[in-house]
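Each in structure tokens, the structures are laid out below.
Heads up, the next two complexes both have chain A, just with different partners, chain B and then chain C.
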Partner chain A sequence: MLKNYIKMALKVLLRRKVFTCISLVTISFTLMVLMVMTALFDHVFGSFPPETRADRTLILQSIKGEKLGEKSYKVSPPSYAFLKRYVSSLTQAEKVSISEISWSTKATFRKGEKIESRFKHTDGVFWEILEFDFLEGRPYTVQEVEEGQRVAVINEATRRVFFGGDQAVGKHIELKDQAFRVVGVVSNVPAFRLMTFADIWVPISAQKTDDYLRYDSVFSGYKALILARSAAEIPLIKEEFADVLTRVEYPNPDQVNHISGGPTTLLEHTLDGIFSFSMLTSRGFIALVGVLILLFMLLPVVSLVNINTTRILERASEIGVRKAFGGSSLTLVGQFLVENVILTLLGGALGLVFTFLVLQMLGASDIVQYAEFHLNHRIFLYGLVMTLVFGLVSGVYPAWKMSRLHIVEALRRRKQ
Partner chain B sequence: MIRHLCKIVWNRKRANALTALQIFISFLLVFTTASLAMDKAGNYWRPLGFSYENRWVVNFHPDRVSGRVGGEKPPVSRRQVYLALEGFDWIESVSSADYMALPYRLGLQALFTVDGRFVSIGSVSDQFHQTLGLDLVSGRWFGEEDAALDWKPIVITQPLSEALFGGEDTIGQKIEEWQGSNERIIGVVSDYRRLGEFSDPGFFVFTRQGEEENRGNFLVKVRPGTPLAAQEQIDRRLKAMAPGYEVNITTLADSRASSFKLTLVPLFALGVVSVLVLGMVALSLSGVLWQRTTLRIEEIGLRRALGGSAASIYAQLAGEIVVVASIGVIAGLLLVLQFPLLELLNYTSGIYALSLAFAALVIYGLVIVCSLYPGRLACQVRPVEALHHE
Partner chain C sequence: MIKLESIEKVYRTEQVETLALSNINFAVDEGEFISVMGPSGSGKSTLLNVIGLLDEPTAGDLSLNGRHINSYADRYLARIRNEEVGFIFQSFHLIADLNVVDNVEIPLLYRRGLSGKERRQMALKALDRVGLSSRVKHFPSQLSGGQQQRVAVARAIVAQPHILLADEPTGNLDSQMGDEIMGIMHQLNEEGTTIVMVTHDQRLADRTGRTVRLFDGRQVQ
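So, the complex of A and B:
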């Protein structure tokens, strides 16, 4: 039965090539835009190296401190000492890593050229929570960080600039007037991966002073990455941290004697960011973007419904004959839906090819530094689901309309 | 004629409703894209209020992770750094400004709002307007004599002064929205659109930082033609003065380029998507019209036989689709006109009117073009054939 439907669907598609082309262009293009959007979203929030455990990683990168009874407050990244005391000790967490929240820039002048590399201070656990793709060498260890060794992990781009792409492990790189021994080289991390992005990673203990160890403020410029044993245990960690906050000792209670906030997943953090961003830009801007996306998704569906509804009239005589010989409305609807889904699947396949091309172009355009966009099974799956939904939604109304065609009326119509 | 067209459209209301819906959504899409683009373009042609060429920002900070408060006394005072920078003969002017006051820096430190928009506040040194090339419209800029005042002098931008006082008699006024402050306005600059050419007119308040403070980053104006390599000299000199300190130099031209990218890339993507979506609508619309026209061969043949001209056939088909499109456009218009009432968007009325007109024009152009090919097919039908159709 299904085989027959498919055969017929292909025959119908080939009969009116222009209409088939119009439908295919509409479907493939719409799905391409949706899939490109999915891919971008996936690359920023999904599990990608080095953040392969994004689903069970929590981030604490800002806390709100205030003095109770006073109006003013401060939202800022916590200090190293605060995190060491109150976050590293969380018992529900599998691992906790403390690293610098942003990066510092180091400029190297070479023959009148300026080379900028960004470096980030991290601890040793950083490399255990995150899975960097090591091209050579190894990460620095917890012990090396404790001993304050001057070691560094660099990315591929830095290896190319400083060592001409030759083997870098064992060589030295100058940073802040000190020589750092390169112990490992990793693949470039795209710049939108803010948690991990840098060109050079060095131990947190490689700062010139030990100031960061002193607990003289709850605020400074560090973040904690908290790895849960499983995604299901994330609420436990949040609860435990909320409990820990009630027992915090404040280094300067005359300024801050109450802290609120807690670790969030990357997605939650970004949504917060978008919310506060919407306060910055014109009020309706975010609403406008939302409406635009909705409109964009609706328009192709309406277009397809419109063209499908019209096309049915072309097959009026066929429907009339089917009905006259006892074909039920339900079978007719089923047949038409199958035809429509086949068409959308074809369009979806084309869309996937377009998506691949657009992602290649985006990667090559260098809009975001070191960004590379790939198709993966997740995007493919989302794409398939979107295609099926698209095919069903755009097929239901025309199919229903077709099944209601009057037999006499349908038979009377001649083939055009 | 129009009544006749309306009647024909009404008779096939179900089939036409879908097309009207399609037009309605397309209209909204064109309007939003066009209004965003026009808003940005409108801003682009406005004066920026400052110059970015040959301006460098020198960031001088202790070598420790950023954001730390307190700490021991630095080895050099910021005044010494200031003087050292002034010592380079290729540096024409030096000033200091905190994070908020520098161009192309995102950030939000706002104590009050005016007309629903946040007003940014930044502290700058006395030479800031020369270094950045701000254009003083009335009053005066900060000077050394301000140190002795028992109130805080501020300089605001012209757009802010217009929003607050209608642009008249600004000097000496206080800002009522800024509660509990002891500030008075001493000068007005033409504009200061910190975030670049595409941003809205600047709502900015400059406060004064004293000679000895030199807080934040240093802004230097270098002699035109100074090579980037000269940054190394600053880097070396400052590091020699304060070992353990880090120096970070960026050019405003670079910052401007990346801020351009930040605005233009999404706008460009939106534009491309809109054009392609419109293309899709056009394709499906011509398909639908074509199909419907083939179903009306008898009627058209009859008209031709009775002496109807080709032009009248075209007009008939185009007229019908224009009536359907008008339903969508009017619905869209009614919806969009609610936006200013709801204060959803803060476009000027000029941009509103222009975008609406543009969207209507695009939609009507689109439907007429879509009706041309089906019209041609219809006109090619020989009356004899058409009459034999049954």
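So, the complex of A and C:
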């Protein structure tokens, strides 16, 4: 039966070339836009090096400090000392890393050309939580950080600029009037990986002063990456941190004597940044994205429903014949849905090709530095699901309308 | 085999009520070949549609091959049509996208328990019976009217129905092709198939066992 449906579907598509073209363009363009959006979403939030453990990594990047009884408050990144005291000690966490919240930019002139490099101070655990792709060398260790060694890990682009692509490990690089010995070279990290992005990573201890160690404020410019033992243990860490906050010693209680906030997942953290309100949970966001996708699909679906309804009524005679010879309305609904799903699968395949091309163009355009967008099994799977949903949704109404067609009326309509 | 008692069919719209069939009573025995005659609009095709379960009577009782039709649920009727009845239409109603053998296979698609191979064998056998073995891969547009109607006959008989309903089967054919189709139908009747044929043509009606005549939806003979 299915083979027959497929045969029939392909024949109908080949016979009605204009209809087929319009439908395929509608479907493939819609799915391409959705798949490109999915690919971008996947590359920002998905599990990619170095953030391969994003599903069990929490970030504490800002806290809200206030003096109880006063209306004003401050939301700002925490200080290194605060994080060291109250986050590094979390017993539910597997590992905790502290690093600068953002990178600093250093301009260098080489052969008359200005080169801007972004560098970031991190601790040694940073390299244990994140999985960078090392092209040569190794990360700096916890011990090297504690000893305050001037070592650095650079990215591929920096190696090319400073060393012409030759081996860089063992060579030195100038940064803020200090020479750093390169110990490792990693693949470029795309700029949208805000948690990890930089051109050069250096030990947190390689700062000019030790001021960052002093606990004279709960605020400064650092963030903590907290690795849970499993995704299921994330709530435990949040609970423990909430408990820790009740025992904080405040260095300036006349300014801040109460702190709120806590570590969030990457998705929650980004949402806070985008929407500036924390009521939207990651589940809520996924639901919101789902609604937006459905709304986006609505217009092409309506258009396809119209085309399908016209097409199906042109086949009234066939419907009449099939019913006369024993096809029930339900069977014919099934046949039409299969035909429509085949059409949308063809459109989906085209959409996938277009998506690949668009992602290649986006990668080549350097809109997002170091970003390389690839199709992967997740995007393919999402695309397949969206295609099937698209096919079913756009086929249900015409199929239902067809099933309501009276046999005698259908046989009277002779147009094939 | 076929029994109609007090069959009535009324078409209703918001403003108009049209009586298409009124108080139709007759029976067709197993193996009979009868014709239904009458002027245009007398209800011939409506009667055939009611017998073939393509249309629901407004009142009355209908039995097919000993089955009293007491429900007009879609799936139930579809099954009975598939098992008991074969149709031949005046305008053939072949599916243009399918080749000859695929057209003939259609009734078998809705018959449970048949493999693709069995369906194909049965379809080829039916085509052999109507003398079209050499045209199985042709498409309807590549056939003459007579050949198309022979394909339609093969489709009607492929599932081995007990009853064959033909609505002016030679109406779109010249006399020679019409005679060929009548010849095939007579041969099927001799092999035991019960046939009800609607026709305008007295010459064709004379070649059937008996004739039911309709006028303005009423049975006059």
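Just so it is clear, the second predicted complex is superposed on the first by the 393 of 416 C-alpha atoms of A that agree within 3 Å, B and C clash if a C-alpha of one lies under 4 Å from a C-alpha of the other, contacts with A are read in each partner's own complex, and residues count from 1 in each chain.
We adopt the following convention: a residue touches a chain if its C-beta (ideal position, glycine included) is under 8 Å from a C-beta of that chain, and two chains touch if they have at least 3 such contacts.
Just so we're clear, the structure is a prediction, and the values are computed from it rather than from any experiment.
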{"item": "Greater residue coverage of chain A in the superposed arrangement, chain B or chain C", "value": "B"}
{"item": "First (chain B), second (chain C), both or neither touched by A:E314", "value": "first"}
{"item": "Which superposed partner A:M1 touches (first chain B, second chain C, both, neither)", "value": "second"}
{"item": "Partner chain in contact with A:V12 - chain B first, chain C second, else both or neither", "value": "second"}
{"item": "Which of chain B and chain C A:T105 touches, first, second, both or neither", "value": "first"}
{"item": "First, second, both or neither for A:T26, with chain B first and chain C second", "value": "first"}
{"item": "Common interface residues of chain A - those touching chain B in one complex and chain C in the other", "value": "416"}
{"item": "Chain C-facing residues of chain A, complex", "value": "1, 3-4, 7-8, 11-12, 15, 317-318, 320-331, 406-408, 411, 414, 416"}
{"item": "Residues on chain B engaged by chain A in the complex (per definition of touch)", "value": "15, 18-19, 21-22, 25-26, 28-29, 32-33, 36, 63-71, 108, 116, 118, 200, 227-229, 231-232, 235, 239, 243-244, 246-249, 261, 265, 270, 273, 276-277, 280-281, 283-285, 287-288, 291-292, 294-295, 297, 339, 343-346"}
{"item": "Touching residues on chain C, where the partner in the complex is chain A", "value": "49, 52, 54-55, 74-75, 78-79, 81-83, 86-87, 89, 91, 93, 95-98, 102, 105-107, 109-111, 116, 155, 159"}
{"item": "Touching residues on chain A, where the partner in the complex is chain B", "value": "18-19, 22, 25-26, 29-30, 33, 76-77, 79-80, 100-102, 104-107, 109, 112-114, 121, 176-177, 207-209, 211-212, 216-217, 219-222, 276, 279-280, 282-284, 287-288, 291-292, 295-296, 298-300, 302-307, 309-311, 313-314, 367, 416"}
